[in-house]
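Labels run A, B, C and D following the written order; every chain starts at residue 1.
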Amino acid sequence: MLKYANPTNFLALAARLIPWLAGAAALALAVGLYLTFFVAPDDYQQGASVKIMYLHVPAAWLGMMCYMVMTSAALGTLVWRHPLADAAQKAAAPLGAAFTLVCLVTGSMWGKPMWGTWWVWDARLTSVLVLFLIYLGLIGLWQTIEEPAQAARAAAILTLVGVVNIPIIKFSVDWWNTLHQSASVFRLGGPTIAPSMLWPLLIMALGFTLLFFALHLMAIRNEILSRRLRRLSITAAAAEDPEVAGEAAL
Amino acid sequence: MKDYTFYIAAAYGFAALVVVTVIAKIMLDYRALRQKLTRFDNKERNR
Amino acid sequence: MPPVEARSPNTQALQGISAKGLRVDRGGRAIVRGVDFDLRAGEALLVLGRNGAGKSTLLRALAGFLPLREGEVQLDGGAEETSLAEQAHYVGHADGLKAALTALENLQFWARMLKCASATALSPEGALEQVGLARLGDFPVGYLSAGQKRRVALARLFVAPRPIWLLDEPATALDVGSQQKFAEAMAAHRAGGGFILAATHAPLGLVGAKELRLDARRARDVGGAA
Amino acid sequence: MSSPLLALFGRELRIARSVGGGGAMGVVFFLILVSLTPFAIGPDLNLLSRIGPAILWIAALLSTLLGLDRLFQADADDGSLDLFVMSSTPLELVVLTKCAAHWTLTALPLIAAAPLLGLTLGMEPAALAGVAASLLAGTPALTLLGAIGAGLTAGLRRGGLLMAVLILPLTTPVLIFGVASASAASGGTVPFHTPFLILCGLSLMAVAGAPFAAAAALRAREA
């Protein structure tokens, strides 16, 4: 019975992997933070506020990467009917939403010193906002449909529809942004990044990615356990009537 | 060069807050699920 | 405005219910016409008839969900100014349970919502015991089978006791054991001076119950005190 | 008297929590509506900040109303509504309690989120406070008027849209005085308290009248 053997194998695998991943993530983040605050030079224009970039850009990458993970999980659910795929997809959505939220808020906090307002409808920030809304929609879908298998298929379809639309959204937001080019907007990111600033960025991104995978495995484990609990309580409820003989036959 | 420490602190503070809440939620869910499942096993055994 | 806090209905026990010339319309058509019955404390009335004869309509009218086109219902004894509906329980096809809540939570809610300070009220746990679902208290109702949901709904009768039971096919989805248990509960209710008006096809084991036959074709009341 | 209504209030909150973010869905809808407007109007913050209060109020109006069509539907389907009619607590108070629970679950998060979203429209703090205050005063009226619509359409299949069509015209005064008091907060000819007090009056009128209308609508559903 591959279908049932799989989750238990996964739990054993996860139990081994999670401590390592968590440790590596902590290490990478520590090194990244150290580099960011003590080694990387300030930007000649933006001054020290560029340090927020080391948080903002990795968070944006993670938001995108998480959606790619969900897309492959959606394919796993719909095409190969892999039992763990929908658990992986459901586990990834809140993480994706959290990372995009971090990206949006840190972007706004970086924008305040630059443009004097908390939020600017910059092309990239707006696309990330739409991505954040898509994540919220997916999480809402899972909360509404109780039956796991049905919810998984619905969410998988919505994710795939989303992945087709994200490039279109990106393009149309850029076009929308340039069409209304107003003086107060200038693109985030600035010139090519000097090597001394690139390294901390890559290490921070690595740290975030490791953190994501550690949390993702843990969330999948939770999802498997909660489904097992649901199944157990349904069967237990049905089998709960020793006194009333005829019940099971009904 | 204006002093941006407030914004940097706010940004990193918020990021830390979100990450810690996500980790805490996952860990708490995990513990709650383990407890319920073990309670189920005991109930099964001693029924 | 009747006092919002209903005095406990059985300060003086309800002696009898009598109905004369009841007529209930639905969609402009007389579904039930010329219905008379008289019940004394402890008696039961079986409302019989083919599907569509208006059994449910009559019960829903008595419960106050539908207006009576003609005729009236007399209550003698029992607390004044409280309508029949406030002294009755209605068990219809829908169980009135929230799937997301557990059986206990549902019963605790109904105990407080249909609040009545009568001594014979069972605790939610006791009521579940009465219908043989003691161990299912903390399961979400959504996980229970149709029969179990039905029994949780019937447990509501014990949580906030009221003299009149309006039962619309109470035995559906119940298996033999549960039907037997419920028949005993009904007998106990009648022994305590309660009234039972049940619309049913399956035999409910109501001993010495009066019958009221609503026959759709002749739309005429044939029944009467058996 | 209070214990049945408190029990009902508790049950509503518990159901919304266990069925997943009952309230959260309304806030997400509010967030989406507010973010859609700049896509139509353009990213220019000066323009957006001028019409900010209007955007926030229209979004709040729609998300409050469209969250309401399920208010009585679930109870009508599972038979709880019949039992409410039979309980010794008047149906009007049951309706008022359900509206209070719904208001706490959807309108309060909305009022908390409105100022944050106002930032994305470039509104200054005074206007944000104005919007929050006007929403606090206006949303009870929206919830209660919506409850009348929900009572009328409980049990109908396509109730949601019909309910909005029935009730939206009735909410125009609330919208007018709501936006007026929100804009007045950030300076302008009209002092803040004039439209604001009228808004409070509208809400109080709704609290007094709507439960009777909604209860009558629910009773009429059966006959």
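In this text, a residue touches a chain if its C-beta (ideal position, glycine included) is under 8 Å from a C-beta of that chain, and two chains touch if they have at least 3 such contacts.
Quick caveat: nothing in here was measured; it's all calculated off a predicted structure.
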Closest chain to global C-alpha mean, per-chain Cα centroids: D
Which of C-D and A-D has more C-beta pairs touching across its chains: C-D
Length of the line joining the C-alpha centres of chain C and chain D, rounded to whole Å: 37
Geometric centre distance via CA averages, chain D-chain B, whole Å: 32
Interchain centroid distance [CA atoms averaged], chain A/chain C, Å: 53
Touching two or more other chains - residues of chain B: none
Residue numbers of chain D (touch at least two other chains): 19
Multi-chain contact residues (two or more partners), chain C: none
Chain pairs that touch, as defined at the top of this document: A-B, A-C, A-D, C-D
Chain A-facing residues of chain B, complex: 1-5, 7-8, 10-12, 14-15, 18-19, 22-23, 26-27, 29-30, 33-34, 36-37, 40, 43-44
Interfacial residue positions of chain D with respect to chain C in the complex: 1, 3-4, 6-8, 10-11, 14-15, 18-19, 74, 77-80, 82-90, 93, 222-223
Residues of chain D touching chain A in the complex: 19-21, 24-25, 28, 31-32, 35, 38-39, 42-45, 119-120, 122
Chain A contact footprint on chain C (complex, rising order): 132-133, 135-136, 139-140, 142-148, 173, 175-178
Interface residues, chain A side, partner chain B - complex: 42, 47-49, 51-52, 55-56, 59, 94-95, 98, 101-102, 105-106, 109-110, 112-113, 211, 215, 218-219, 221-222, 225-226, 228-229, 232-233, 236
